[in-house]
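To keep things simple, chains are lettered A, B, C and D as they appear, and every chain counts its residues starting from 1.
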Amino acid sequence: MIDKRVYDFDSALDGMTDGATIMSAGFGAAGAPQELLEAVLDRGYRDLVIISNNAGEGERGLIRLLKEKRIAKVVCSFPTSSNSEVTKELYAAGLLELEIVPQGTLSERMRAGGAGIGGFYTPTSVNTPLAEGKEVRTIDGKDYVLEFPLTADFAFIKAREADRWGNLTYNLSARGFGPTMAMAAKATIVQVDRFVELGEIDPEQVITPGIYVDRVMEVEAS
Amino acid sequence: MIDKRVYDFDSALDGMTDGATIMSAGFGAAGAPQELLEAVLDRGYRDLVIISNNAGEGERGLIRLLKEKRIAKVVCSFPTSSNSEVTKELYAAGLLELEIVPQGTLSERMRAGGAGIGGFYTPTSVNTPLAEGKEVRTIDGKDYVLEFPLTADFAFIKAREADRWGNLTYNLSARGFGPTMAMAAKATIVQVDRFVELGEIDPEQVITPGIYVDRVMEVEAS
Amino acid sequence: MAKLTRKQIAWRVAQDIPEGAYVNLGIGAPEMVVNYLPDDREVIIHSENGLLGMGPTPPPGEENPDLINAGKKPVTLVDGGSISHHTDSFAMIRGGHIDICVLGAFQVSQSGDLANWATLDNSRPPGVGGAMDLAVGAKNVFVITDHCTRDGQPKLLEKCSYPLTGSGVVTRVYSDHALIDVRDNSFIVREIVEDLSEEELREITGAALVFADDCVTLKTPDL
Amino acid sequence: MAKLTRKQIAWRVAQDIPEGAYVNLGIGAPEMVVNYLPDDREVIIHSENGLLGMGPTPPPGEENPDLINAGKKPVTLVDGGSISHHTDSFAMIRGGHIDICVLGAFQVSQSGDLANWATLDNSRPPGVGGAMDLAVGAKNVFVITDHCTRDGQPKLLEKCSYPLTGSGVVTRVYSDHALIDVRDNSFIVREIVEDLSEEELREITGAALVFADDCVTLKTPDL
């Protein structure tokens, strides 16, 4: 019987190592897998590379990892949040590498990683510093920048429901980067509000099909 | 008040011309907008360019347009259906131009057209005749073919429900190419089983958001 | 010198948003535009984190932490609203499906270049968010900005000195002094606030201005 | 000469599909594989028109014209099944998320090239469907084929003469005479049907064969 459900963080994080690349879903706090990130913190992993829209928000998850200097690099579109100073301080002190990627390009690069696309031409960032060093190509009279896929060792996702095959639904705008990151990582680990029986999710309403999911764990918001 | 509902085929087909490029959804008969296609037939339009997975199936829609020699070219992955000879006959007689595109590339090219991507590298068709004349590029040691976007004047789609903003749901595997074609055409025309009130479709269950839809018409299966 | 308040600028922008438009409102001043849309006008608000048909701020106590806008503030969905994931949401933007986006600016050039994401100060981490995608993807890019910086430097320039967000993208500027179209490598003044002369506007602008033949007074209610 | 029926080949393929695998079964003979999966083995069947968790043919009268497989035949969904649109479905395929796809073949070369979509007859319109995406995207490409054409020509070759579907993609061939891995530019025979000598197999194969040290008899039930 296929059963992707796990019941503790040690099982959820099986295979985690220092230096791992982790895609962390969430836009601000919505959809952020705070408990999974904090389980990584508790287990002492370091030198992590994080791919996430923001380099943390509030006082949870990524912010805690940043404060404990466990993160070597963040690939993101917008690193700072209004209520956290730690990213600015680490950056100013040269203790944090940042790769800034426009939000749509970030998402599309992860999709490419998950969908087997070797690269794509986007009009976003043409003639800006974020296109420096990148190939620019004129197609039908318009300029585009060549961007390459992003993949990761792990994707951490927060979802609403999961069944034992790993089919997922999300809660409103907490959907965010989850469906894309699930495609792009070697191992996709999901914390969900609740498990449901196989067949309970309408086939037309599955947002992330289980094929993209490796482990699901029921986590109560803490 | 925004109201994309129309009540007759003349309104649905507003702007149609000879020589128009039409994306026609459907995989075989599932999701095929037969009544919209036949309304085009009835109005005498010709020299049409059709983008569709199949060049017709059964005795309806595209097959009828083919029989009446209204179609100049079909861009598709698989032109012939088991129960129709017309495509073979027209092709053998030199009366039909075919552009064969692998199914996933066909779909991805339409997505690129709808998503503002200028081109993408796909591993599909490398070292095959369908890559002839196309740029091949080695990325991270793997070969990819450069493919360009597909767009159209019209997309014809069959869906289950629509509200007055054009939000759509589909019926099971009739979803098919609908959501992608809706993004890629200048005018997206949808025949639906039934209209619903605005707000009746759960925001999380909208499959094609109305931003991609121009006109919706309730059409009883005929 | 006569000048508009932020609310008045937002009001003026709102008048230019037609029925049925799909509109993305940037974080900050652009968010205020929604408050001045006429009640009888149906406009569909997009938020790049996956909302289409975004509604007003919920009443206190009814906020849902999983229903937020691009500025990470609690919002609602209107009837007809829908959710998409980030990649699909940016396909909408990049694919040219958003009719109008309204953004703030550090600088705008007469060729429509927009700088609104980074200054020349490298000590702070830069952050671009969705601005580059919106700038290049929306059919019309409206900019809300003060005409000058706080220390009196012009923000409308021949050429931007700050790093660009997008090149040749701005279609119209709504400043606290004027409404200016950006077309054919020129700033074309369509409306100018009361009691401000053409000469005074030229003095606070860092590029040549063309005054439209039908240039009128920029009038707004008191806000 | 000893040879397997199509059903026996399908049975043999089914034995190699592990619990939990995501599997795409091509149109025709590959579809039969599903009939021989052990009842206690959970395998998730993908159909490229957007089904994941495809179930068996529905009972007569319960067919839904909007629930069909890649072969356009009525099917069902099992509990846990899901629907996606075509672009998402092919993202699954191209992105390497399908563990095994089973395809038919006109020709297979010792370097794993697959030809299964077009012959050299240009009078008929060609059709490729999803075969090229599956060939290049699936982690393992299993081929079900007769060892020879109806007129006795070998289908396992040094080099394909027909237009390719994919290059270097086939991982294993299940013919009516043998089970052959394709690796390091070689056909490696793992199993051979009863009463067929190595020499006889070589004679009907258009490329060199390597017999594995642990090559065994290919046994199936009577089907």
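In the analysis below, a contact is a pair of C-beta atoms (placed from the backbone, for glycine too) under 8 Å apart; a residue touches a chain by one contact, two chains touch by 3 or more.
The structure presented is a predicted model; accordingly, all values stated were derived computationally and were not measured.
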{"item": "A-D or A-C - the one linked by more C-beta pairs in contact", "value": "A-C"}
{"item": "Distance between chain centroids, defined by C-alpha means - chain B, chain D (Å)", "value": "29"}
{"item": "Distance between chain centroids, defined by C-alpha means - chain B, chain C (Å)", "value": "35"}
{"item": "Where chain A touches two or more other chains at once, by residue number", "value": "108, 111, 115-117, 122-123, 172, 175, 203-204, 207"}
{"item": "Residues of chain D engaged with two or more neighbouring chains", "value": "77, 83-84, 90, 93-94, 137"}
{"item": "Listing of all chain pairs that touch each other, if any do", "value": "A-B, A-C, A-D, B-C, B-D"}
{"item": "Interfacial residue positions of chain A with respect to chain B in the complex", "value": "108, 112, 115-123, 137, 139-140, 142, 144, 148, 169-170, 172, 175, 203-205, 207"}
{"item": "Residues on chain B engaged by chain D in the complex (per definition of touch)", "value": "27-31, 53, 55, 57, 76-81, 87-88, 91-92, 98, 100-105, 107-108, 110-111, 122-130, 171-180, 207"}
{"item": "Sites on chain D touched by chain A in the complex", "value": "19-20, 22, 42, 44, 46, 52-53, 77, 79-84, 90-98, 137"}
{"item": "Chain A contact footprint on chain C (complex, rising order)", "value": "47-51, 64-68, 72, 77, 83-87, 90, 93-94, 113, 118, 123-133, 136-137, 163-167"}
{"item": "Residues of chain A touching chain D in the complex", "value": "1-2, 111, 113-117, 163-165, 167, 183, 198-199, 201, 203-204, 206, 209-212"}
